[in-house]
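Dropping the structure in here first, questions after.
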Amino acid sequence: MSRIPVGILGATGAVGQRFISLLAEHPWFQITDLLASERSAGKRYGDVVKWVLDAPLPASVAELPVRLAQPGQADARVLFSALPAAQARELEPAFAAKGHFLFSNASAYRMADDVPLVIAEVNPEHLNLIEIQQANRGWEGFLVCNANCTATHLICTLHPLQLAFGIEQVMVVSMQAASGAGYPGVPSMDLIDNLVPHTYGEEKKMHTEPLKILGALENGRVRFADFHISAHCHRVPVLDGHFEAVSIAFSRAATREQIVEVFREYRRLPQELGLPSAPDPAIVVREAMDRPQPRLDRMTGGGMATVVGRVRPCNVLDWRYALLGHNTIRGAAGGSILNAELMLYQGRLS
Amino acid sequence: MSRIPVGILGATGAVGQRFISLLAEHPWFQITDLLASERSAGKRYGDVVKWVLDAPLPASVAELPVRLAQPGQADARVLFSALPAAQARELEPAFAAKGHFLFSNASAYRMADDVPLVIAEVNPEHLNLIEIQQANRGWEGFLVCNANCTATHLICTLHPLQLAFGIEQVMVVSMQAASGAGYPGVPSMDLIDNLVPHTYGEEKKMHTEPLKILGALENGRVRFADFHISAHCHRVPVLDGHFEAVSIAFSRAATREQIVEVFREYRRLPQELGLPSAPDPAIVVREAMDRPQPRLDRMTGGGMATVVGRVRPCNVLDWRYALLGHNTIRGAAGGSILNAELMLYQGRLS
Amino acid sequence: MSRIPVGILGATGAVGQRFISLLAEHPWFQITDLLASERSAGKRYGDVVKWVLDAPLPASVAELPVRLAQPGQADARVLFSALPAAQARELEPAFAAKGHFLFSNASAYRMADDVPLVIAEVNPEHLNLIEIQQANRGWEGFLVCNANCTATHLICTLHPLQLAFGIEQVMVVSMQAASGAGYPGVPSMDLIDNLVPHTYGEEKKMHTEPLKILGALENGRVRFADFHISAHCHRVPVLDGHFEAVSIAFSRAATREQIVEVFREYRRLPQELGLPSAPDPAIVVREAMDRPQPRLDRMTGGGMATVVGRVRPCNVLDWRYALLGHNTIRGAAGGSILNAELMLYQGRLS
Amino acid sequence: MSRIPVGILGATGAVGQRFISLLAEHPWFQITDLLASERSAGKRYGDVVKWVLDAPLPASVAELPVRLAQPGQADARVLFSALPAAQARELEPAFAAKGHFLFSNASAYRMADDVPLVIAEVNPEHLNLIEIQQANRGWEGFLVCNANCTATHLICTLHPLQLAFGIEQVMVVSMQAASGAGYPGVPSMDLIDNLVPHTYGEEKKMHTEPLKILGALENGRVRFADFHISAHCHRVPVLDGHFEAVSIAFSRAATREQIVEVFREYRRLPQELGLPSAPDPAIVVREAMDRPQPRLDRMTGGGMATVVGRVRPCNVLDWRYALLGHNTIRGAAGGSILNAELMLYQGRLS
């Protein structure tokens, strides 16, 4: 089939660049629109972007013009949003109102009642909120969000455990990569010979987003999952790849072997459909006690898989494990793209 | 008074260097003996040491000869041990048998029934195990241990909480500095753009040492504290300063204000006696949510204090906080020296 | 004597903080005025500063109010300027016109004909330009600049060589610390597993400032030194301490022993007068081929000395050496303070 | 054609791993033999290797047995050597004597008169030394070396300049990645907030290897190129990718445009033959003044190209530029493999 035209909102930022990198060779989508702020609008993308990825800027994209991020400026109906939260709050509804299909990595509307917050493996049925959203808001288009980068990988590991054993309590301590704050983001003086605890809303996102995503869609509303999460969040001197140390209490007894098996056998709709960006397996379990490690494991499954290790008993809750995932691929741009692939496959992008 | 001669076992390693740096200007102790392996014995210290501290090698110490770490080679009765565990296992008893007073940072005998594992503020009464130790083993000298660097700072914060509220459960996730592994220690390829979970006994030490130190000496034995600890341990790209994220359940209800007050009012024997290495306050509470940070806070109290911050409620246990402490000062050499200062003050080093 | 009141222009930035840290316990100067932009003016310093030094914010300074950086707002006659270049260009003349004595770390006026660009050891006689400056500009006050941080330490090593052997050619390659760019400065994504060549004026400053400082004041003008400098400049993942690899061609033959001796015997006016911030020795020569190193050597002489090593023959020019110096102490705030100490000693600050 | 069996000497080290990673999917070669020290011999490769590359260990190679690195243990005639210098000195001649074709990354025999030191683009004609080598030493096999990692990329840029303009003098200052020292290699305490000048033979290699490789084979001997090189070498906190700042004096005048054109048009035998590992272009010139950078540019041409930038005039010599190249791909394993590809293409591996 011919490729579907797509645009990127916030194309010059770090997540915008990741969208470009992942979409440049995409079999189903073709980048046609790059939208950004006034500073860049009207110029050639290659002339305005400060490219920060080690994968090179695709030559064909470098030639594209940047347009102002405003409704009416985008030809593509499907838009991926890498906007900062404040701009997303204003612009995403405006685009959706004009009939665009928005897949957003921004935090602005993640917790809105009628906005599906979706990880394609975990809760694709929440996409049915779109009808309610369109009715509520009078939109022809829609807005689908993906979760915070740190929450995404945690949820990817909680889901199979929830299905198998039920979850009562989750304690998670994150060691997050610098790229999670975008560019310029964290000053180097903060991360040379240092780490920085998170001050702002990161822990709050970790306390709420998993409960929405792991909740049930009932009568047009998401009934949140009812376990408790305590998240301690930190920034560490790593470029890409969020590491999380997890302790968990289950509703039903589990053995180490069962837990590992449940992770390894976790195959869901994206894997069954063979979506282009779906990692298979979705979760990779490593046996060595010194894994996962960010540098060595973040590109597992092309950066779309979650890597788990160190499954061992906990003296306080029931079990413990460590997880690692790429924060700007699966945790941001790649997660949005996978959502769009699923909806395209399901015929919901036309 | 004239200064007491002291020696250092394992003088060329990273912790040995820290002993030297802290003792070079000490008001009560004078370095007279440097003991190391065959590789260095017989040579001038300045010619064999690969000095790794930013504080410069004291010129007077550089001139001292290195002797072989064997009983009979040390003139000083008081010895500080920075030996690796395997060598400590063999050599420390041999020195104690010859009448030396050993203050050891090694892990070899920390958990032995008749070896006091002491933090001067927390359990100085455990030093009374020495009589039993000497009777058991027929030693004229003795062996006193200090705790693992990561455990030490955790314990420094648990003790006032235990006294005030009682402790039921502790969850702790460490982000430990490279210097905790000594020199050469962790390869740089492991800590550039990366972090490494601990594979070996670090978590086990965290599960046991606090319970011994926070236990009660009864009838010549330590009755271990009976709460549960779950420790997840990791190495991060930081030079000095271990950071720990803690969640804790108390026996009795506590408010944030009470917790902060309990930390701030924690003054114990070393502070009351004004021992030279005693930090005062022992615990520093910082209010900013982005503190403590290793680079900014590790030298608090000359590297002898523990810095606490981020006191906030926990969704799973009761309360949460973060702590930071210098791993090779209070967490290693400085802790040993403080123990020796206390015993010298009490007249037990003669 | 009672301490002289001084103010700091641009007090909240990274160099402003270094001024505060160095002046808080200064025997001759007392901080009375903190001046900054509108964002901070009118507030308590401790409430607005994002303190980035590992030395803690002095408690007495935290209580001071911040005033707007405008003439009329400062009580102190002596002002140290840590302003960004653009603001310095506008504000420094305004303050000097009002009678203030400005010691500026900014680059704005370094190369102006009637502004002395001074390293206290190297060209104190250039301070006589002040009379011409005051006559030219009708100022009651004056403006004295110190050099770029990378140039400063190079010049400190060139001066004794110039005096002893004459200089024909200098090739210098810098590896500069992150703090040289201030805070927030360099994004951490640029310096994790990476280094960045300098794009802007850094190399140009290195090509010109040394020639002015090493030039002769003749008939009211500086006749620039007439050798050639080629500087390649780079930012590396180091917090503090600029490292420079130097090759040099002399006018007269030199031996290794002579070069080392010339460095070691370099004592100048600040050392002879025993100024409070003067390092003595001014240049420290280290023999080990793997020194200097930023972390180990930058605090030599309290961060005011320049450390030299690796003196060895060059296959292209005559001799080679490496140097290291603290960029925000001697290379910025400390250099300004030493200039002020010299002028105070000489009775020129009243 | 069916793939040629090859073996790797020193298969468990960091360079050995890079050989495996590059050869696992090679169209012409197939890994059949993994040879290492007694510690690993007799075990499954996947069980003994501490894999340090972010590219995962190929599953098929993990299953191979490791044999003792001794003649008689290797079935493959073609061997790639990643041995440490001391072991290479002993073992490489022993293997060559037994008829093996050795492509060595070790430094032991690089400067031997009858050993070709080859970069495939630069001096393939030096491979004719093999006949003399075999005659001299009575070997059925042979030994071909590739250059030091830092020298390799310098030479790749010097060669086109030598051809076009002639070279008189070269000044080069390196900032080398940690992986150049292998694993465990550089301690992390040396590279956190620090850089380390090279103490050992690195500068000497830079002074001699380029002159041999850029020399002419005349009457069975290499007449060394006769220009002068001054190399200052340093280790910086970067994982992969050596950066070098170069100043150069030419025999004939050159313009910036000519230099850039000469770099861009540099196509040699490997490019003309389309050898599998040959980068095309061999040299990539980047225009932005802040490039090359290690993290962004090291994988150019699959890690086989050299990236050049910052071409600008020099105040001391004639011109300046910066270069960057991957040290363990083109600078080590990849360079050896390219040499082997060339000889296989030429029919000299049978």
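Note that the chains are named A, B, C and D in the order they appear, and that numbering of residues resets to 1 at the start of each chain.
Basically, contacts are C-beta pairs under 8 Å (C-beta built on N, C-alpha and C of every residue); 3 or more make two chains touch, one makes a residue touch a chain.
Keep in mind the model is a prediction, meaning the values are calculated, not measured.
Touching chain A and chain D together: B, C.
Looking at chain C and chain D, the chains in contact with each of them are A, B. Between the chain pairs B-C and A-C, more C-beta pairs are in contact across A-C. Averaged C-alpha coordinates give centres for chain A and chain C that are 47 Å from one another.
Per-chain CA centroids place chain A at a distance of 42 Å from chain B.
Note: centroid distance chain B to chain C, computed from Cα atoms, is 40 Å.
Among all residues of chain A, those that touch two or more other chains are 52, 190, 192-193, 237-239, 295-296. Chain A meets chain C in the complex at residues 14, 52, 178-179, 183-193, 237-239.
Listed in rising order, the residues of chain C touching chain D in the complex are 169-171, 173, 175, 190, 192-199, 207, 228-230, 232, 234, 236-239, 243, 245, 247, 288-296, 309-310, 314-317, 320, 322. Partner chain B is touched in their complex by these residues of chain C: 51-54, 56, 192-193, 239, 295-296, 298-300.
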